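You will see two complexes here that share subunit A, one where it goes with subunit B and one where it goes with subunit C.
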Partner chain A sequence: MGSLFRSEEMTLCQLFLQSEAAYACVSELGELGLVQFRDLNPDVNAFQRKFVNEVRRCDEMERKLRYLEKEIRRDGIPMLEIPGECPEAPQPREMIDLEATFEKLENELREVNQNAEALKRNYLELTELKHILRKTQVFFDEMADPSREEEQVTLLGEEGLMAGGQALKLGFVAGVILRERIPAFERMLWRACRGNVFLRQAEIDTPLEDPSSSDQVYKSVFIIFFQGDQLKTRVKKICEGFRATLYPCPEAPADRREMAMGVMTRIEDLNTVLGQTQDHRHRVLVAAAKNIKNWFVKVRKIKAIYHTLNLFNLDVTQKCLIAECWVPALDMETIQLALRRGTERSGSSVPPILNRMETLEDPPTYNRTNKFTAAFQHLIYAYGVATYREVNPAPYTIITFPFLFAVMFGDLGHGALMAAFGFWMCYKEKPLQAKKIDSEIWTIFFGGRYIILLMGLFSMYTGLIYNDIFSKSLNIFGSSWRNNYNQSTLMSNKLLQLNPDSEDYIQTPYPFGIDPVWQLAEANKIIFMNAYKMKISIIIGVFHMLFGVCMSLWNHIYFKRRISIYVEFLPQILFLLLLFFYMVLLMFIKWTTYGSTPPYYGSDDINIVKTSAYCAPSILITFINMMLFKTDPPRPPCDDVMYAGQMGIQKFFVIFALLCVPVMLFGKPYFVMKEQKERARQGHQPVEGAAENGNAGGAAPPAPHHDEDITEVFIHQAIHTIEYVLGSVSHTASYLRLWALSLAHAQLAEVAWNMLLRKGLMSTDFQGGIFLYVVFAGWAAISVSILVLMEGLSAFLHTLRLHWVEFQSKFYAGEGYLFQPFSFEVILDSAGTTEE
Partner chain B sequence: MGASFVPITVFTVLWGIVGIVCPFFAPKGPNRGIIQVVLILTAATCWLFWLCAYMAQMNPLIGPRLNNETLIWMSRTWGNKMTQG
Partner chain C sequence: MAFKLCGPKLSLCGLVLSVWGIIQLTLMGVFYYIRAVALLEDLPLESESGHHNMESFIATVEAGYTQNAYNCWIAALLYVITLVVSAHQFWMNNRSSVSM
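The block that comes next holds the complex of A and B.
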């Protein structure tokens, strides 16, 4: 009990909590994670609930913490993981302390940031000014150059300098602009001022920090000379438009020098102040980083508790909170204990009351998994959550899944690679888990590590049976085939076939797996392997489906659907046995009956020929003939039949199997109808029997028998029957994918070997070694990427389909809903992932 | 009929031990049922798979068609001397 075969028994409970104790009790339950609360105020919206204020305060705290975290990240300060145990949910009164702490931290940080920004802006301005003074000095020096002056005179002419009878006085502005804006700026100036301004610019080599975004930007210093006030306003406007910052720049060299000195000292002062501000900020953040994870956990826990409390109903006296919850029946004790702990912690004197409730509702499905079974359970859930207390396919999937995968992936080498990878992940489980690698593909692989390990191990086994390791064979036990051709025959014939009906075959098969000789027989290996693999695909498939149908028997017995056993399970299994299992039997008969008869090799004796390879019938043709009541024209001296009385038995089987169809089709509607009549006659007394929606195996009272619409039952049954009958045929054929993928895998592996590694192994001198080195890299890359990863993925998907469609369709309804307990662990996990 | 007693017994007994005997000694605890199912199914699938491979070769209907070089190599390495002539 309590294991994975069926979902847990659940009970609906009512929980009375005293108002003071409610918080502590819910907190204990959250640590436990075994209780799913139901919303008792579904028509009350989120803003009208009782604890909406507390939830809002928690939201506010979370926002502050996120701000802190962002700042910590920006400074690259490592955040300490929570050492040891997760902190418990704090008492409600602690909330105020926490709020105060966060408030203080946030304010402090905001202030520091504001100050730092102002300081930085100041600093930027000063540095820009410093650069301007330095660069413009160069321009002015050039101007002052006496040789230039002459040039100026010659260029502009006497009257140019003495425009309008007064000495020409050139005005100028100096400023700083983003470097990438320079070309446009220059063009604009030229156009707007009709070429009457003179622009000089110089790049500032070191990047400057933009205080608002703290990006590094490159800027240039410019100085513009112009004449007259009109131009001056125009130039200033353009500067404004291009976001250039203008700085006052004295004309006299002495003033400039003095100003430069002043700027330098101010920069130095600012530097020290800035450094102190940064230090302060760093100290604050480091202190916060130590606790931030801890705080996050605390706040999230408080929030989760209040969210849960919001689901509760308030009792009329306001003294008591009422909750309804689903609880696994087995865990009642633990929950009671947790509640008692909660009460003690809160210091309340009235113990909480946990009442079982009777209900007609379908309880949630809860399967207790461990780290090994969880992955398999997820494969099943991906298809659909089991109906409550229905047979759970997961325990059987643990083996059948890797096995079916391995049938398609059978290769000792590739299997070993896969198993090694799986084993490494299982072995390094703890450190890998702690690393929290945030890649989706990795999470999928890591989550399925036990599946991968098992798939690898089974692939190694099937690889041994297929005798296939990177498309080569192992000859462990000694082949059963011999060469008996003499030298001259060997010299004169390129291809020679060994004859099983002679001394060539030692008449006992290779003891484990396929004989290694077949890997060497390039000419007809595929013919042999196809015949073998197709047969095993069908054999495995039929067994798998029979297993699935048997599971449905378990369900019928458990839910006490006696009629379903007779009119559904029995005809279904008979149908499968009589037709498809019979075909499997024919295969075994063929394997054991037809072949050589040891001492009489190549004999013409009629009795020996009848059981020789020559007379071996095709199973597929035999099966088709059986279904069509047809016989092939006789082929003397062979028999028409594989065993005495075959024709009669086959006819009987087919007719009987076909008779099962109407039973499946009409059986159930007939019994339902009969029962309804019975009930109508007796008044409304519940009758044991076709309680289709069998509720909870008798634990709950039987569902009220409402008369189902008979046409609906009939239609449902018709669909079900057609699905099953047609499904049996198509599903059996569907299992041939085992053969197809296995063939494809083997062929690809062979191509990789022949095209690459073989070429590398051919030459024997030392260049061959170098060549092999390169070729091996290519072959290994292809082996891992295509043969293991891609082929592995496709085999995985096909296996998944075989389980979901071919196997589970026989018994699995999958109409349940998942048990989602209130658990801090889950809440914290999901909060952690959505944030990153 | 080309069956040989030893391999059939060995492998049947081997998987029989895994699938029939071992489940009785599965460790007690909540996972006992799962361990038993795992053992039984492993034995059943592996035994069936081996059996099919074995039976498919008991009475081969065709023989391998081989290159003459491969045949010569087989004679040399698998210890079956070529006859002269």
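The block that comes next holds the complex of A and C.
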């Protein structure tokens, strides 16, 4: 059987690799991506493994690369994508080269950065000093008032001089402080020095760069005058506490001027040096940016290989490594080939040995997918990974999923929009894939591009069937309804009906889909559409569920559960057929039996009335009556039944269906019990064909059959039966969501048209065109955001539920675990996304 | 040569919207022109009681159909202009991003 219908057959293999060849072989297998290695030393912790050193070295290299990458990002240098092919995993000896390169690069970069930082700090200091000199000059200039020659006099005035009784020398400190600290600084100075200091400050207009964090900070220059050493120490302490930087400032104006000159020249020099450092750093980074992606790939590959080698067992002789791996049975040849390539590359003479092993373990589930089926397979996996070799619902989902979606989303216009979007994504697949847009929503849309395209196309089809395009109808083939009212009737009535049982209906239906005349039937359009869509939903639902139950037959046959066919599949399908499929049949009988009889319109003839719409019974009431063994009071001219013998057949069906329930309930436990007794009598020979959990295809030896606890079997079966019986009722009803969502969508589309676009069509002038232009944009926005996106999402979720619950519950266990092969592609992908 | 008015997203939005508008409004104009019954509800008819005879009613409806057909085509034309403008903007945006 093809791999699409169930998961691949897997074999557990033992792999003997020569120590020298192991690296090259594993590298080849990683390129191939078809082998899942098992951890053979799970009780050994990560630090005691054989290749822990190499893994650590790779970690270190990766860290260095990340550092480089960060620096490259900071400078905004574009990193070159790897041209063409991904580089192969390098030879182990190449690792030393790589290490040396990275070491050199890192050191160089660190040194450059350190130098740059020191230079920047220097630069900052000089700039601050420059500002101090400039600003303090202003202070001193103010004080150098021509009327007072000496600073001492100017500051304290006559009284100060008198009070001290001697000439006082005033000291001062100048410095720079963060601007937001100024108020607190000022208050602190005032309080600590009891108002005996004098603070002047001026803001530096241009922001300065903080070398350690490279932030732009605003600072202020201050100068504090004080008297005496005690105050000096106190002031200095406060400055220290506020992280103000103090700079020496000469007292004499001439010295200050000289110093300012010196500072300016030094700043100039520093600028050139800084520029050169920056250039050097840029050169280093540009050179690194060319290769960094390549290096990342190489290092990650090496790391992955050593990580895998760590999972292996060492042979006693230390000459070879032993690995255990799950391998798809069909790919044995390719793997052998890859192993041989690996051996040749490593120059070893001893070929690796790939040995099949027998096992009782459940193999992993591996479904081969391509870009088209992958999205559908993921929808299934999102519910649960299939049990090994179980029927895979994905191939059927490819059609049923878009179809059920379209039943809810049926609108030619909205479907076309969705299909256009999907088509664009499929058409531009390669360029879009290469772009690697990192938005989550986009990734979801792009991953499901084929689903979106199919959903759009199917919606266009159902839109044609419903004859809905943005809530309007297309009259392609010409309506089958005629207006036969005369002029006076038309003039005097607001609402008129067309009777199908008259000449109004030409008695040949509209060739494709719903007749467009219904769009104008304001009074009973919804009633008519509801009856139609509800029936369609139930019909689709019952067929969908029947299909699901049939799938379980395939499972039973494949897993050789013969008893399950008789006591599970048969009663299940009978139950569904006799009750719900019968209801579907009744619908078809109703559709075909009742209606007008062409030439005899409105006739009173009993035979004609009996098949007229008047006598058409309600299917739901009929079904409820059937379940309750009840009959409705007869309506005189009509028959009680839809066909001869209906009552008897219905009773038989219900009783037979109900009899299926105890079979489902007790059949399997009974057989299990019987089999256990038999086994007990015969000793421990396994009974052929009755192995309940028999292994796939009988390839493996029969499992050691644990006698299941019989009460557990009973409980399990009871739950299953109740779930199935109640499920078939509730699931059938659940398919009515197809109708409900489709009704909601149609109504919402109509509201959008009537409330918005119609407003633009209601003017009798030519400026209506401009108005229409504006209104159309609004209507388009509403259509896309609410009708396509939101309604689309809700229809999608309901479809998903219908598949997961209503369809898959009939046959799908989903208890497997996923095949996760050792593959460079996957490793590199996941490493790329986590890091970004 | 010309200046940039809108960013890449807005110009793309305008592009898509105008393509849609041109297609739909042209088609709607055609449908109005051939007097599609489905669009009867979307006609500028004053009030239902205003018509005393069939002829005047039919005349209003006919006039409404023609008027709406023209209005649709006018709007479609405006979308052609929008298309040209947004295409130009889109091209400008693309070119500038490439040159950078």
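Quick note on the criterion: the second predicted complex is superposed on the first by the 811 of 836 C-alpha atoms of A that agree within 3 Å, B and C clash if a C-alpha of one lies under 4 Å from a C-alpha of the other, contacts with A are read in each partner's own complex, and residues count from 1 in each chain.
Throughout what follows, a contact is a pair of C-beta atoms (placed from the backbone, for glycine too) under 8 Å apart; a residue touches a chain by one contact, two chains touch by 3 or more.
Bear in mind the structure is a predicted one, so any value in this text is a computation, not a measurement.
Once the two complexes are laid over each other on the shared chain, residue contacts for A:Arg758 go to subunit C alone; subunit B is not touched.
Of the two partner chains, subunit B is the only one touched by A:Thr373; subunit C is not. In the superposition on chain A, contact of A:Phe653 is made with neither subunit B nor subunit C. In the superposition on chain A, A:Leu474 contacts subunit C only, with no contact to subunit B. Contact with subunit C, but none with subunit B, is seen for A:Phe766 once the two complexes are overlaid on the shared chain.
Judged by the touch definition given at the top, the superposed model places A:Tyr485 against subunit B, while subunit C stays out of reach. By the touch criterion defined above, A:Ile514 lies against subunit B but remains apart from subunit C after alignment on the C-alpha atoms of chain A. In the superposition on chain A, contact is made by A:Ala780 with subunit C only, not with subunit B.
With both complexes placed on chain A, subunit A has more residues touched by B than by the other of subunit B and subunit C.
Contacts of A:Asn493 after superposition: subunit B is touched, whereas subunit C is not reached. On subunit A, the surface patch touched by subunit B in one complex and by subunit C in the other comprises residues 475, 487, 490-491, 494, 520. Considering their complex, residues 2-5, 368, 370, 373, 395-396, 398-400, 403, 407, 461-462, 465-466, 475, 478-488, 490-491, 493-500, 504-505, 507-515, 517-518, 520-525, 527-528, 531-532, 535-536, 539-540, 543, 588, 591-596, 598, 613, 616 of subunit A touch subunit B. Every residue of subunit A that touches subunit C in the complex is listed here, in rising order: 417, 472-475, 487, 490-491, 494, 516, 519-520, 757-758, 760-766, 768-770, 772-773, 776-777, 780. On subunit B, the positions that touch subunit A within their shared complex are 1-4, 6-7, 10-11, 30-34, 37-38, 41-42, 45-46, 48-50, 52-68, 70-72, 74-75, 78, 80, 82-85. Interface of subunit C with subunit A (complex): residues 17, 20-21, 24-25, 36-44, 48, 53-54, 63-64, 67-68, 70-75, 77-79.
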